[in-house]
Structures are given as structure tokens and as C-alpha cells.
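You will see two complexes here that share chain A, one where it goes with chain B and one where it goes with chain C.
For the complex of A and B:
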């Protein structure tokens, strides 16, 4: 399944304005302005002037919040987005409610305390962002993220992403998905209905999952990518014309990359 | 969401020929002919002459198998269907591969050995069948069963059914569904897409779940019914016209019956 561009000219527009360039411009701009985000519950609030707001919109970080301020646009960043800008791109400082700068480890601990799966989710988010995919919430489709080849105004999302952990044996894992066939059938059927490919990012902790979480440990996690597609036996038979009924099976295509 | 009848006259046809009557006729017919099913892996094979085959088809038990036999039609019954005819309706004897008659407890143990969740699934299946719902596999929709008000030729299935067990704490349960929000979102979105209501049958073992399985224990299980629907905040606001975007939340409507 290739990208589904929205209208004519979208593909050319995307090619002429690569996401890597936009994110790089955002990185420079935030670094220069010494941008500070305010940690607030499960999100980070960031005020931006016109040019920076434009870059945030074009690179799809955060959602805009309506305020009375005229010269600043406010953005609400998810924890993954904020930590990516802070830790991976090193262009966003984050302060707590007392306006005190938080360091990397403090932030990681805070975010994990708000969302148990945060280290895995962050690893998955940054994995896709570093490959220049635009990554947004997948809540509408019952998955963790959706991934776009470029800005959602130009193209439909191509992948529905579930984040699993290979060390999540049995009940331990917070993200208990794809453990039964009915869940796999449900998810692949929904994905095919909304023309997306189900991408499973399996975070392997390589034995660094036990004990207190730390950035040095999460650095050692690796990610394995799998796509899962429905397999309809009827479509693979020779006598296409004869068969009408539909069955539901899955084939798992493995595409393991680190 | 009410029943969606297939074409004109279907509703009248269904009303004139209630499912309870068809199943009752099937029960008499199988009893009189002393029908025997052959246990074979995860299903039971049953040969039926014309009139009985017609009743099996009309009451939706089993799927037909093509054979060279002219005077008998063969049906492949699922374990739940076979056990329902054998144990609840007392109209089907079941023999093993050596043509030896199996008793109730032997059958239950055998079926549980093939499918860990069988006692819960059987309880759910018989719960719906006893209320005269036609119950079939939900594999196409990523659920355990689908329930029809009458024969699928007359009406679309109304409920997508998931069978859970209230004692399934953590990893223990084989049917690990609806444990995370993403799974709930995925399932309710798919259900609304295929115009079905998600019905959760929660099997409570009332403390009789530990130790060896037996029919006297499963008799003590009770079933709680819940329907789960998506809740779209936009549809509940006063200014319907103003809002276009879609969000995904769930509301759980509890309708507990034993």
C-alpha cells in the first residue's frame, strides 16, 4: 500500500519541501530562541511567535490552543513530542510548575510516572520521527500512533502503529494488545477498512528492562518492525470468479530492523 | 440500534416462523432419529437426511460439507454448537473416533483440552441460544461470536459478542481483550463501522473456577451482559452544525442480567 496523496500537486509539494528540512528549521529556531516548555500534567505547553508557530504547525508538533494572547500561539505537546524535542533534538528546555529547569533523567522519571509505557512509546515515537515520518495519536483508529509520509494536509496516514514490548510476558505489560486472534482480526480488519497498514513496533529491552528506568538503559533498547496484513484465501486462489465468501486470516510479514 | 432486516417481507417471515419453534423441531427430529455426531479434532461431524438437514440449516447449526453421498448431507458443528445440542437440548449423542459414546464430563474435558476457554465460551453461547438468538462465529469482525435475531438470510447480525471472564486477572485468561483503551477504541470503532453493538458477556465463576473443571461447577457460573458504544462528544453538544471533527471515546452502558 503506497501513500494516498490528498488532491493533485500534493506529492510534488511534499517532495519540494521535505519534512527533514522543516524539522531541522524548527530545531534551529527553537534553539536560537531558547524555547522553554511548561510541564503541565501529561503534556507540555509551549508559546511560540508567528514564525516558530508556523514551523511547529508544518512539522506537526503539538496541537494549538486558543488563548487571548495576540502575539503568541500556544501549543500543547504530548509527552513523546516534548521529550523528542528536548532529548533527541536538544532544542527545547522544559520547566516544572515552579519554573525550575528539569534535566533528562527527571523528565523521564516524571513521564514514566504519568504513563507506565512511556519509555517504550518514546522509543517508538523517536524511531519513526528520526526516519522523518510525521507521527500523531492513533486514538481514532484504536492504535497507539499513526504515521504520515508528510503533513496530514497533503497525505493520508499510511501506518497504524502499535507499540509492544517483547519483554511483556503475560500480564506485566501495560499495552496488552495482539495477544488473541480476535484482537489481531479486529485490528487488521479495521486497518484495512481505513486503508492503513498495521505496523507493530516491538521494543526489545535486551535485558535492560529490570530495575530503575534510566536514559542509559533505554538507549540500549532496540526496535523490531513488523507489518501485519489480512490474508484472504479467496484472493490467492486461481478461480477468483467462483468464490464469494470472505474469510479472515492473518499473515505476518516480518521486516526486522534495528 | 434495532434489527436490520434484509429486504421486504423478511421481518414478517421471521415473525411467522419463530426461531424457538425451528430449534424445537430440530430437537424432536434429532431425538427421534437418535442422531450421533462424530468427534473429530475441534469439531463434530453429523450426517443428516433431507428433513433434518433442512432443520439444521434453518436453525443455523454447523456448516455444510460437500461429500459424494447423495442421501445424506454432512454438517461440521463447532464445539459450542455440538455441546449445546448434546448437553442443553439433550438431542445429540457424540461418539469418539472408536465409535464409543462419550458422556457429558468426558466431552467437557476433551473440549477444554482443545480450547482452554471452552467452558466460558460454551456458557456464553448457550446463554444467547437459550434466548433464541442465532449465534455464529465472529471471526470476520475480530470478536468471538455474532448474534442474529433470526436466520442470517433474513437479518444482519445485531451484536458483536466478546466473551470475558471476570476471574481473568492479569495474564491468566486466554481471552485477553479490552484491557487497554486502544483495544476498546479499535473494537468499538470496527463495530460501529459494521453497524453492530458490542456485547460483552462477562462470565463470573463465583469462586468455582479453581480446581478441575466439571459440569456442576460450570452450572454455577453466571453471566453479566454489557454493551459498549462509542461516545462522540460532538454529537452531544448543542451546536451540532459547528463541529466537524471526530473524537473517539467510550461510554459503557451496563445492563447486568444473570
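For the complex of A and C:
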């Protein structure tokens, strides 16, 4: 399944404005303004001036919060997004409710306490973001993330992403998905219904999963990437069907995307 | 198929493509297809005729027909190519009034074979039809067929099986040969075999050479006797140290490559079969884990894998393909 661009000109627009450039503009802008996010439950709240707000929107970090405040646009970042800006891009400081700066390890521990699978999810999120894919919540489709080739205004998401923890570790933090055939049927059927490919990011802790979590340990995690597709023998009797695995020329809009 | 995918395209051209590809497929299918060899009943067969023959084969389950499903996609939400039309036409599958009566007719000219118990295979004595170009293995100038090949033809009324004293073996006795997988094929494996074969795919037991003459190197075993044993490739603990931790789970979930599958191909020759399109694997209980996938990929040496799940006669195939998403600009 190739990318499904939204309308004419979208592809050219995306090509002319690569995501890597937008993100690096965002990175330098946030660094210059020494942006601070406020840790708030499972979110990080960030008030952004017009230029930053524009960059956040174009690079798809966070969702906007509508307020009457005129000079700042508020954004709500997910933990993965906030940690990526903070730790990978080093352009966002995060403070707790006492306005105290949190360091990397504190943040990781806090986020893991909120969401047991956070280290694996973060690994998966950053894996895709570092390849300049736009990653957003996949909860609408019953998966962990959806991955876009560019801004969702220009293109439909291509992948529905599930983050699995390698079972060999046997320890906590495993995302218990795709363990049964019924769940595989369920997930692939849903994905094909919304014209996405199911992408599994299997995070291996390589023996660094036990004991206290730390950033040096998460650095050693590796990712095994694979897709799961239903294969229909009725439709793949000729060679191209098997090789290309059914390209789609469908242009019906999926609902709900911006 | 094109008709179902191109739903956004202009209708007339979409239809056109659909019809053309259907007739091409039909040509290919007829080469390998025992049901299409009977010229008297088939000569006038247009699309409807073929659809009928497929539905006959698949016990009236129209959803399984590869031509099926056209014109069912009208409800707007169904815009995927993988819409498998299963629960939408559920009504057609079930008949309250009566058990559907088989419309299959026994053939006048039958292929015949003799079951050799020690081999767990049939020695073919009479070959009728082009089906034998893609069925059975050749050993010492004779064709030997596995139980799934025999039953597939026997269910169609195209094969007569006897024991070594010449007494014919009934359907029931053939079905019994699947219990305990004692002839190397389980009932679930057979269901998958049947579906692929009915669509014209060329299927053989994994790793068993079509003939001994073939210089093809992708097969490991030599004689039919030993090959049946070797067919059971079981994951061993020494395969990979990193999977030791989850070995207990894998043990329950023994994964096995069962069939080598080739795309429908009228030019197929047993003496030069080429590489299979994919290896069809079965798991005992759960879907394959990542560790299993890694081990199997090494074992099958680059030939793609597919996994089969059979439940209540419904056969589903899945591919688990290692990918690497590109780095975007």
C-alpha cells in the first residue's frame, strides 16, 4: 500500500517542505526561547508564541488547547512527544508543579510510573520520528500509533503501529497484543478497513530490561520491525499481486483526520 | 482484483479491467484445474459457468470463490482491498431448509492409484488430465501422491484409490488417514491445501523435491520415505540462545513449514520447478512470536513465509514481513 495523498499537489507540497526541516526549525526555535513544558498528569502543557505554535502544528507535536489567551497558544503534548523534544532533540525543558526542572532520569521514572510500557513506547516513537515520519496517537484505530509520511493535512496515515515488548524478557511492561489469532484477525481486519498497514515494532531489551529502568539501558533496546497482512489467495494468483501486495488507488477519505 | 480495488476510478474502465483479468485467470486456471478438463460440460462456460464450478468445489460457499465479492462493496465504508466479504453475505452461506446437496458428478474417466501404507503415499496407476503435471512427486519413473493430493481429487470424484489388494478405499477411510497426522498431513493442513489448489496454486510438501532428476537445490531430502520424516522441521533449542527464555512458550507453539506454494503457472514443470513463491507455515496454538519468525526466516533461506490459521474450515493466510521503513526527507 503506497501513500495516499490528499488531493492534487499535496505530494509536491510535502516534497518541497520536508518534515526534517520543519522539525529542526522547531528544535532551534524552542531552544532559543528556552521553552518550558509543565508536567501535568500524563501530559506536558506548553504555551507557545505564534511562530512556535505554527511550527508545532506543522510538525504535529501535541494537540492544541483552545483558550481565550491571545498571545500564547497552548499545546498538550503526550509523554512520548514531550520526552522526544526533551531528551532526543534537547529543546524542551520540563518542570513539575513546583516549577522545578526535572532531569532526564527523573522524567523517565515519572513517565514509567504513569505508563508501565513507556520505555518501549518511547523507543518505538523515537524510532519512527528519527526517520522523519509523523507519529500520532493510534487510539482511534485501536492501535498505539499511526505513522504519516508528512502532515496529516496532506496525506493519510500509512501505518497503524503496535508496540510489542519482546516476550523473552518475561518482565512487566509488555503490551499484550497479537498473542492470539483472534486478535490478529481483529487488528488486520480493522486496519484494512481504514486502508492502513499493520506495522509491529517489537522492542527487544537485550537483557537490559530487568532491574531499575535507566536511560543508558533504554539506549540499548533494539527494534524488530515487521508488517502483518492478510493474504488473500483469490486476489494474488498472478505474480504482481504477490510482489507488490495490492497497491491501492482508493481515495475515499478516512474520517476524523485533520 | 482490479474491480474491487479501483472503486474510485471510472466505472466502465474498472469493469473492463476486471473482466479481462478474469478471463486471463480462467485460462491459467484451466490448465491446472481438474474441474475444467471435462470439455463437454465446460465448453460453453462463461463467467457464470466458472463461478458455478468453483462454488461447487467450495461446497456452496460463494465467498471463497476468487471471482466472488463483486458488487458487494456498495455500502461506502468498505473501501479496502482486503474486505473479505465474510460476514456481509453470511446469509448465503446458510440454508435453514436443507443440507445443500452436492452437485459434483463422478467423472467417467478416473485417475487411479494404490495406497502404499509403508510410504504413506499412493502410487499413481492411471493418470488422467493435466492435473498430474503439478501433482505428485516423481520417483523412479512413477508418480507418488500424498494423502492430501489423493483426497483433493477423490472429493471431486476424479480419483479412485485402492489398497494393495485392489480393494477400493472409501471416502471415510481416506478421511481417517488424516487423524493424528499419521501420513504427514493434518486436517487443517488439508483445508489450506484444498483452498490453494482449487485456485490453481501449485502446492507440494515443504522441502520434498518434485523429482530426483531436477537439479534444483532448494530441497534437502532425497527419498520419499525419509522426506516425510524430515518434513517436520521443529524448532530446536540450540537454534538461538537468545530465545531460551521463552522456549517454553515456543514449545507449545511449535511452528512448522508445511507446504511450498507456487503461483498458478501453466508452464510449470516438475523437472524445473524454480523456487516456490512462499512457504506456508502452521503454528500449533498461538500466532508466531518475533523469535520464532527470526528462526524460521533463517531456516527457509530467503523464500517468503506465510502463516496459516484454520478455524472451523475457514482458512486465513497472513504474511509477517520484516520491513524497514524508509528514512524520509
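Rule of thumb we're sticking to: the second predicted complex is superposed on the first by the 227 of 258 C-alpha atoms of A that agree within 3 Å, B and C clash if a C-alpha of one lies under 4 Å from a C-alpha of the other, contacts with A are read in each partner's own complex, and residues count from 1 in each chain.
Here is the rule we use: a residue touches a chain if its C-beta (ideal position, glycine included) is under 8 Å from a C-beta of that chain, and two chains touch if they have at least 3 such contacts.
Quick caveat, the model's predicted, so the values are computed rather than measured.
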| said: Which chain, chain B or chain C, ends up touching more residues of chain A in the combined arrangement? | reply: C
| message | With both complexes superposed on chain A, which partner does A:156 reach: first (chain B), second (chain C), both or neither? | response | neither
| In the superposed arrangement, does A:72 touch chain B (first), chain C (second), both or neither? | neither
| request: Scan A:166 for contacts with chain B and chain C and give back first, second, both or neither. | output: second
| Does the superposition put A:208 against chain B (first), chain C (second), both, or neither? | neither
| message | Looking at A:193, would you say it contacts chain B, chain C, both, or neither? Reply first, second, both or neither. | response | both
| said: For A:185 in the superposed arrangement: first (chain B), second (chain C), both or neither? | reply: both
| request: Check whether A:93 is in contact with chain B, with chain C, with both or with neither, and answer first, second, both or neither. | output: neither
| said: Applying the document's definition of touch, where does A:133 land relative to chain B and chain C: first, second, both, or neither? | reply: second
| message | Taking the superposition on A as described, I'd like to know which of chain B and chain C A:232 touches: first, second, both or neither. | response | second
| message | By the touch definition above, which chain A residues appear in both interfaces, chain B in one complex and chain C in the other? | response | 169-170, 179-181, 184-185, 188-189, 193, 246-248
| If you look only at chain A, which of its residues touch chain C in the complex? | 15, 18-20, 128, 131-133, 147, 149-150, 159, 164, 166-170, 178-181, 184-185, 188-189, 192-195, 199, 202, 204, 224-239, 242, 245-252
| Quick one: in the complex, what on chain B touches chain A? | 138-144, 162, 169-172, 174-177, 179-190, 193, 246-248
| Which residues, counting only chain C, touch chain A once they are in their complex? | 1, 4-9, 21, 25, 28-29, 64-66, 68, 76-84, 195-196, 199-201, 242-246, 249, 263-264, 277-278, 286-287, 289-291, 293-294, 306, 309, 311, 316-329
